[in-house]
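By letter and in written order, the chains are A, B and C; residue numbering begins at 1 in each of them.
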Amino acid sequence: MTLLETHDLTAGYGPITVLHGLELQVDEGEIVVILGANGAGKTTTMRAISGVIPRHGSVTFEGRSIGRASPDSIVRHGLAQVPQGRGTFPELSVEDNMKCGAYVRRDGSAAIAADVKRWFGTFPRLAERRNQRAGSLSGGEQQMLAIARALMSRPKLLLCDEPSLGLAPLITQELFAVLEHLNRDEGLSVLLVEQNANLAMHMASRVYLLETGRVVATGTGEELSADDTIRKAYLGF
Amino acid sequence: MKSLFTIKSGGPASWALRVVAAVVIGAVVLTVPTGDSYPLMNQFTTAFMLMAAAMSLNLLLGYTGQISLGHSAFFGIGAYATGVFVSRYGWSPMWTFPAAFVIAFVVGALVSLPALRIKGVYLALVTLSLALVFPQFIKWRKLTWLTGGPRGLDKAGFNFGRKNRTYEIFGHDFFGDMRGQGAIPFFYWVAFAVVVITYVVCRGVVKSRAGRALIAIRDNETAAAVMGVNVAVTKGLVFGISAGLCALPGCVSTIRTNNVVPDSALITVIGSITFLIIMVIGGAGSLWGPILGAGVYVLVVEITGDWSNEDNIPGLLRPLFSWSSTPPGTGIFAISLIVLMFVAPFGLLGLLKKWTARLVSVRPKPAGTTTIEFTSSALVAEDAST
Amino acid sequence: MERFLQYLFDGLSIGSVYALMALGLVIIYRGTGHLNFAQGEMALFSTYVVYQMGEWGIPIGIALIIGLAVGFLIGAATEVFLVRPVAKKSAFAVFIVTLGLFQGLNWLDSAIWGDQVLPNSAVSKQQQFPTLFPNKSTDFVRILGAEWRLKYLGVLLLVLVLTAVMFLVFNKSRAGLAMRAVASNSESAKLVGIRTHQVLMVSWGLASAIGALGGVVFAGINGTVNLNLMFTVFIYGSAAATLGGFDSPGGAVLGGLMIGVIENMAAGYFPDWVGQEMKLGLAFVVIVGVLLVKPSGMFGTAKVERV
C-alpha cells in the first residue's frame, strides 16, 4: 500500500525554486533512499514534505492530502522527521528531548515513559546520559537522540535527512543497522536522504536520483549500480 | 525595474544633479536667516541641532549596527562642557566646542570597551543606563560645585549685553555687521556649521578605509576580525567620533539658551529616543536620512503642537485626537515608528529612493574602479546577532 | 541590627517588584531572543486599568484579574500583530517596534488618564491605589526588632509563590516543555508537532501578565500611579535579568531581589554617596560590571558563536 506520494511537488526559498515538479512514492514497509549531489534539492524535499516550507503540488499520506497541512498536523498523521544536522534541543536534557518527540501523543504519560525506556534500551549510550544537556553530546549520540526522538511519536514513516553527515563510519553503520532492524521487525517505513551512496543503497528497497530538483533516475539499488553511466556520473564508482 | 532615465555614476549628468541639489539647498539655507521670521529661524536651528545629533547616532547605529540609547548623555556632555567652562571658568564660548568634542570622544571610547564583548540587547541596556545616569550624575550633591546641581548653570553662553554684543569666534570677530540683528541668526549659522562639520566627518569616515572596516564588522564581526580588521580599535574610534559629534549640538543648545539645566529634554533619555526616532524616520544607514528625518520631526512637532486645542486639528484627523488632553505629537511618532517598520524599514529616504528609482537609475561604475557604497538594506534585512 | 534588617526587608519588597519585571523580560527573551522594551509600559497600562476599575467600585480581587487579563491580551496581541510580521526582517526592527509601543502606550496612558499622579483628590473617588494586602498602620510583623509591614511582606511572598509555580510549569508540564523547546530550537519544535506560533503568543501574553502583576503590586506599595511609574522598574528589571542571566527565570527573580537589597543598603548606609540621585547609577554599575565579568549572568548559559 502506498504510504507517501508526491505529484508535481514544487518548492523553494523566496524567489529561488529548488524543486521542479517532483514525483516520488514510498510504500509501506519500504526503505526508500534519495541520492544526489549537493544542491540537488534533497533537504528541500524533506522540508517540503514535513511542511516547514511553503510548497505547491500534491503530497498525500495514506491517501490524505497533506500538501497544505501545518507541520504539527503532519506529525499527528504519522510522519516524523530527523532533520539534517540533528536538530536536537541543546539546552534540554536527553530525556526531555525524547519527551518532546512524544508531544503529539495523547495516550498518557505511562505509555510515553514506557517508550522512553524502550528506546533507551535500543540506544544504551543515551540512557547513560539521560539527564545531560543534549548540546553536550557527541555528534553520533545527538544523531541517535534525534532518531529516538522522532521514533517517540510512533510514526508510520520516518524521514531521515543525511544522518551520516559528520559521523564516523562505524557509528553510521550502527545507525543504519538500527534503521534496518526497525524496518524489518516493526514495519517502520523510511525515506532516507543520503550523500553516502554506497552505504545507503545496500538497504534501500528503491532509490531515487535527484538532480536540480527533478528525479532523473529511479530503480532498485542493484539496477542503478548496474547502469554504467548512472553509476559513474552520480554514484562515483 | 525599468526607469525612465539612466545616468552613469560619476558622469556629467550625475554631477549636474548634485550641483542642482546643492544650489537648492543653498538657496533655502541662505534665505531663511535673512528673512524676518524669527520663529522660522528657530525651528531651523532646532532642526539643524537634531540633524547633527541624529547623524552622529547614525554613524554608530546605521553603519556599525551598534545600538546606542545613550547619545543624550553625549549631547549633555557637550551642553555641560560649554556651561561649565563658560559659566565657571570664563572661557570664550567657541573654544568649548573642540573641548566638548574631546571629552565626549574619550567617554565614548571608554563606553565602547564593554561594548567590545557585548552586542545587541546588552549594548542597548548599557547605553540606556548611561543616558539615565547622566542627569542624575549632574544633580549629584557631590558635583554641585561644578555642575550647579538641579538648578543648572546660568550665563553659560555669549555675553549679550545690549552694548557689548560680541560674537567672537576663536578671537576673531566675524560678525561685526550682524550686531544690529540680534542673536538668533547667529545661532542659526552656528548650528548650520555644526551640521556641515558633522556631515563632512561622517562622510569622511564612511568613505574611508575605516568605513569599509565598519561595514565588515557590522556584517560579520568574527569574520572581520579573522581577516585582520582591528575590531577593538575601529569600534572604539567610531564610538568616540560618534560621541564627540553628538556633543557639538549640545554646545549649541547651551549657547542658544544661555544656560543649561539637567532636566532639559534632550539631555535626558528622551533625547536619546528622539534622536533614534529621527534616525529611523529619515532612514538609518544613509547620510541624508537623519537630515530628512530631523526636518520631518520638527515639522510634525510644529504642526501638532497646538492640537491639544481641538479647534486646531484639521477636520479629518479630529476624531483621532480630539478626545485626548495631551498633545498627540508623541503618539504620532510612536505609531509612525511601528508603521515604518512594516512599510518602510529604510525610512522616508528609503521610500524616496524607491520612488525616484522609477524615474532615474544610476548605473554604477564598473567593478573595481570605485570604493564600496554603503547599502542600507543590510541593517534591517539581516538578523542582528545578540 | 534593626537597621540592617529594615533595609533588608525594604530591599526584598522592592526587589520583588524588580523580580517580576525581570521574570517577564526573561520569558520573552528566552522564547524569542528579543528584549521587550515596552514591558514596563504594558504593565503600566494594565495598572491604570486596575485603577479605573477601582474608580468604578469594582473590588480589588476582580479588578486584579481583569488587569491581568488585559495584560495578557496586550502581550499576546503585540506578538501576533506587531512582532511576528516584523521579526522576519530583523531583530533591530523588532526593537524599534517595541520602542514605538513603549512611546505609544505611555502616550495613550497620558491621553486617557492625564499626566497627574493618581488617585488625585480633584478627580478620583479612591484615596489610594488599591492594595492587595492589609494596609493599616497596625498591619505588620516584628522580626528581631525590625518592622515588616504586611503589604511589603505580602509582595515578597507573592513573588516567591509565583516563582515556584512558574518553575513547576516550565519544568514539569507539557506546556512548559513546549515553551522550553521553542526557546531552544524553534525549527525542531515544529518538527515534533509543537504549534510554535501559539507558544510564542502565550509566552508574550504570560510575560505581559506577570508585568501587570508587578505594576499593580508596585502601585499598591506606592499608593499611587503615574506616567513614570514603570520606567525605572524596567531599568532595574533589566539590570536584574542581566545579573541573573537573560535566559534564566530563577536567576531573574534572584537578581531582582539582590538588586533591591543592594540598592536599599547602599542608599541607607551611604546616603552621601548614593542617596536618591545615584540609585540609578547603581543599576548602571551592576549592568556594566556583570557584562564585563560574566556576560551570561549568574545562571545564564553562554552562547557559542559559529562563524
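Following the convention adopted for this analysis, contacts are C-beta pairs under 8 Å (C-beta built on N, C-alpha and C of every residue); 3 or more make two chains touch, one makes a residue touch a chain.
These numbers come from a predicted model, not from an experiment.
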If you tally contacts for every chain pair, which pair is highest?
B-C
Core chain by centroid distance, with centroids computed from Cα atoms only:
C
Using C-alpha centroids, which chain lies at the maximum separation from chain C?
A
Distance between the centres, which are taken as Cα means, of chain B and chain A, whole angstrom:
54
Can you check how far apart chain B and chain C are, centre to centre, with Cα atoms defining each centre and the answer in Å?
33
How many angstrom between the C-alpha centroids of chain C and chain A?
43
Per the contact definition, I'd like the list of chain C residues that touch chain A in the complex.
174, 177-178, 180-181, 183-185, 187-195, 301
Under the stated contact criterion, what part of chain A meets chain C in this complex?
50, 52, 70-73, 75-76, 80-81, 83, 87-92, 96, 99-101, 103-104, 149, 153
What part of chain B is in contact with chain C in the complex they form?
65, 67, 114, 117-118, 120-122, 124-126, 128-130, 132-133, 136-137, 139-142, 220, 222-223, 226, 273, 276, 280, 323-326, 328, 330-331, 333-338, 340-342, 345, 379-386
In the complex, chain C residues that touch chain B
29, 33-35, 82, 85-86, 89-93, 95-97, 99-104, 106-108, 110-112, 114-115, 232, 235, 238-239, 242, 246, 272-273, 275, 277-281, 283-284, 287-288, 291-292, 295, 303, 305, 307
